[in-house]
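Notes follow the structure.
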Amino acid sequence: MVKDLSVGLCGLTLKNPVIPASGTFGFGLELAKDMDLNVLGGISLKGTTREARYGNPTPRIAECPGGMINSVGLQNPGINVLVNEKVPALRKVYDGCIIANISGFSLDEYRECCAKADVCEGIDIIEVNISCPNVHNGGMAFGTSAESAAEVTRTVRAVCRKPVFIKLSPNVTDIVSIARACEDAGADGVTLVNTFLGMRIDIHRRQPVIANKMGGFSGQAIFPIALRMVYQVAHACRIPVMGCGGVASAADVIEMMMAGATAVQVGAENLRNPFACPEIAAALPDLMEELNINTLQEIIGTV
Amino acid sequence: MVKDLSVGLCGLTLKNPVIPASGTFGFGLELAKDMDLNVLGGISLKGTTREARYGNPTPRIAECPGGMINSVGLQNPGINVLVNEKVPALRKVYDGCIIANISGFSLDEYRECCAKADVCEGIDIIEVNISCPNVHNGGMAFGTSAESAAEVTRTVRAVCRKPVFIKLSPNVTDIVSIARACEDAGADGVTLVNTFLGMRIDIHRRQPVIANKMGGFSGQAIFPIALRMVYQVAHACRIPVMGCGGVASAADVIEMMMAGATAVQVGAENLRNPFACPEIAAALPDLMEELNINTLQEIIGTV
Amino acid sequence: MIKSRYHISENVLIAPKTYQLVLAGEADVEGEFVDIALPGFYLRRPLSVCDREDGKLTVVYRVVGEGTKALSEMTEGTELEVLTGLGNGFDPEACREEALLVGGGLGVPPLYLLAKELKARGKKVTAVLGFNKAEEIILADAFKAVCDEVLISTVDGSVGVKGFVTDAIAAAHPAFDYFYTCGPMIMMKVVCAALEGPGEASLEERMGCGAGFCYGCSIQTKNGPRRVCKDGPVFKKEELLW
Amino acid sequence: MIKSRYHISENVLIAPKTYQLVLAGEADVEGEFVDIALPGFYLRRPLSVCDREDGKLTVVYRVVGEGTKALSEMTEGTELEVLTGLGNGFDPEACREEALLVGGGLGVPPLYLLAKELKARGKKVTAVLGFNKAEEIILADAFKAVCDEVLISTVDGSVGVKGFVTDAIAAAHPAFDYFYTCGPMIMMKVVCAALEGPGEASLEERMGCGAGFCYGCSIQTKNGPRRVCKDGPVFKKEELLW
């Protein structure tokens, strides 16, 4: 029997729920020669700020059991290059859902960047990262209280006609109250989760592995925590959830969807296997057959 | 060269920093026939409440990549059995540091249990668990705000002459503010961290794996987050920290200590390898040699 | 409890998705089950001992998930770290003269070692082994070589009595003064209810440590909470609350 | 970039803690380095290609941590999943007539393939290879078989010029119109400063993806940020800020 992998997300139809997560797939273009991007339901682009940024000093990467820490620090060419060069170039080779991921250090920056993304033709969804733990005085502060999360949401909501997803930080006591605050402030959906603040020490050199001391921890290791947060938020809010955190297989995608995710993002797994997303998308039909699932849409939030 | 593994903790001297974490080593007695307990610096006993508890329904265990979820739910025979039977029996075969781990559902319960532990001869340190995520209206509430954490600390401090460690939950936005509140309220030290709230779904049965839906996630997977919290708290507070979370090797012990831990607890690793703690303690001298460390005390918080 | 390394000396398919694994290593060790560390999996996998001699342990397992799948792909010579000496098994001394063994599916293998122990003590042993269908039948010849009588039931009637083990028992009315059962929970519950007289059943529960100190596998019994891994997995019928 | 499976056809100790690994699989593939997935480790391990022919890839690696230790314990026949076609290597076309290759320690192996490529283009090739001491010398004979001249320096003076590669260069004054260097960062920095004229150096950085899309390995250059894995690892001397 032919399997229906498509899911509906804020009026858009994704051909499947598999989306490389922001920062782990560049601007898509970097991988266009290596795979057929069109097997992907969506692509969340590298986090973008108003000005171009080099990011943090290296080492920016630390290996951990079952995961990794990154402290890329939002290296990006700035919003103008995104909307004028990157997105148009990607749109030429990719027909799926393009998600712009926007970061900012002030409400003004969020407003300006989102407004530019909103009028950029190729962009389908605007994902607002209020959670990146790498930048001092940056995203972290916005994402860790319900009030400031709502403030960012209201600010960008006012300048966008496209669907706005707020991407939340898991480094919080009560993820549900923050998601609810975003929903009440007009978010069309939430993406959860971003990375956990983590650290490793090189015991030979007696120094942190990461030049910036700490960074964002993610990968398979965080899956059970991310899944729990997706479950909690999906059962407490009415807006759709993009699940993210530790997804590494088609089974993980199904598990996230049963917990309540409408679409599922794959992050660090792309770094250890650049073909992770196409492989996961390709593995879904057989797994659906094994699990007696005909259309993915029907399993969303069934647990 | 002979290595000095001992560490000083609130006036006590531990022969080494390796301590099985509460709930992952029973009351010590369960393993007394299988190993020489006296190679362990300390033993943190199973979490104890005023009344005997059966705990949560089964399944209570779910496997995860690099870790596991437990929802034992504080099964224990009650404080009277602890102080009258378990501790005296353990004291007969064990000469190291005995840590009583106390949980409670009310300030009264914490006060009563800690007071009993304080007058129990065999107990050296009282560890107050304000973080167990398994019990509704239970530990979680106390451990997730600085105010209530301080309240528990003051309550038990008033009835104890022995060193009191408050064991914190990592499911919080700002671990430092909570640790500081405990310090200000008179804690002699903090243990961090307890488990993360996590969840797994059995995609075949379309049900949570754990009968109670969610449970406490721990094991190697959480090490980078636990290490970061130990680092932050050790650098912000003056009281000693017992580091805990994902420790699985002698190298992890050293890394935790460089981050600021005075002693190091090993939790879930005991479940996959009952001999983990003696093996780690035995591996320390060679690793110290490789790293040019003569006394463990000297590396505490050197990063 | 002992932690030691074994190597695979045999790992063969004996029925659909069902493998017989022979581990060679440490000389005869006690224990009802072993707990096997599988590379890449966080927790060990508990498997009941089916047979034990000359420093070899036999277990029979079914592929149900990723862990048993990985195990089934391991070849001869592969080394595995195994905890042995776990669990309290069936008590062959509890039977006076005539024993009834009731096994269902993957509950059949652990009864094999018991059958040998009972025969060594001179008891009369009847085994009732239930399966879904002919192709899933395992160890029938091994039991026949040891027991005084072996009754088979299959749900689809392809071999032996059509139906469940209880149907086979009702039809044959074997004499016994003590019974031993291992299989799906629902089967054991029905068996314990249907059979008069004393007996014992071997339970299964998700485990953490497998060795009695994490309290992950506790069940409520008439005598209070008990750990399946340490106080069991075999419990007396009178103790069980189901 | 290609992901494929190779098997180990050789994995031998050639100097203290230093192994030569030959991987057999996919026919000749491009790329300056390969990225090897090691079971039980989250990230791949990048290793430079030292030689490549007949569907075989040779890399030389030193055991520095857990990953390379695990690799060193793998036996012939073991399968490994490898990403190939990664990185921009040295440019043999940049040299007009006479090339100087300057390698230090584990930076020596990647220059071997370059030496062969330069010779194939008819260039004169001088190699200066620096090591700490005699026992750590690797590939000297291989270079001698290919290059016009090979100079060795050792820090302890046990073989060749006592001191660093720059001491050997200062003593011999080899003629060259372009240089290529690979080795410890500090060595390459000194070489680039000491040698007049154009050249290129192969950098190292902790990597995430190894394939240009995670921006984990970025460095600042005179031309803005560059990814070591994709824009490099070889960069022109003029570009580098050190």
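A, B, C and D are the chain letters, set down in written order, and residue numbers restart from 1 in every chain.
In the analysis below, a contact is a pair of C-beta atoms (placed from the backbone, for glycine too) under 8 Å apart; a residue touches a chain by one contact, two chains touch by 3 or more.
No experiment lies behind these values; they were computed from the predicted model shown.
S.K.: Tell me which chain's centre, taken as the mean of its C-alpha atoms, is farthest from chain C.
M.R.: Computed centres place D farthest from chain C.
S.K.: Between chain A and chain D, tell me the centre distance in angstrom, where each centre is the average of that chain's C-alpha atoms.
M.R.: Roughly 36 Å, centre to centre.
S.K.: So what's the Cα centroid distance for chain A and chain C, whole Å?
M.R.: 47
S.K.: Roughly how many whole angstrom separate the Cα centroids of chain C and chain D?
M.R.: 57
S.K.: Find every residue in chain C that makes contact with two or more other chains and list them.
M.R.: none
S.K.: So which stretches of chain A touch two or more other chains?
M.R.: Those would be 62, 64-67, 220.
S.K.: Edges wherever two chains touch, nodes for the chains themselves; is that graph a line, a ring, a star, complete, or other here?
M.R.: Graph shape here is a ring: one loop, exactly two partners per chain.
S.K.: Chain pairs that touch, all of them, please.
M.R.: A-B, A-D, B-C, C-D
S.K.: So in the complex, the part of chain A that touches chain B is made up of which residues?
M.R.: Within the complex, chain A touches chain B at residues 62, 64-67, 69, 144-145, 171-174, 196-201, 203-204, 206-208, 214, 217, 220-225, 227-228, 231, 246, 248, 251, 254-255, 258-259, 291, 299, 302-303.
S.K.: Which part of chain C faces chain D closely enough to touch in the complex?
M.R.: Touching chain D: residues 39-40 of chain C.
S.K.: Spell out the residues on chain B that touch chain C in their complex, using ranges where they run on.
M.R.: Residue list for chain B touching chain C: 23-26, 30-31, 34, 46, 54-55, 58-68, 70, 72, 75, 209, 219-220, 270-275.
S.K.: Tell me, which parts of chain C touch chain B in their complex?
M.R.: So the residues of chain C touching chain B come out as 1, 3, 37, 41-44, 83, 205-209, 211-220, 225, 230.
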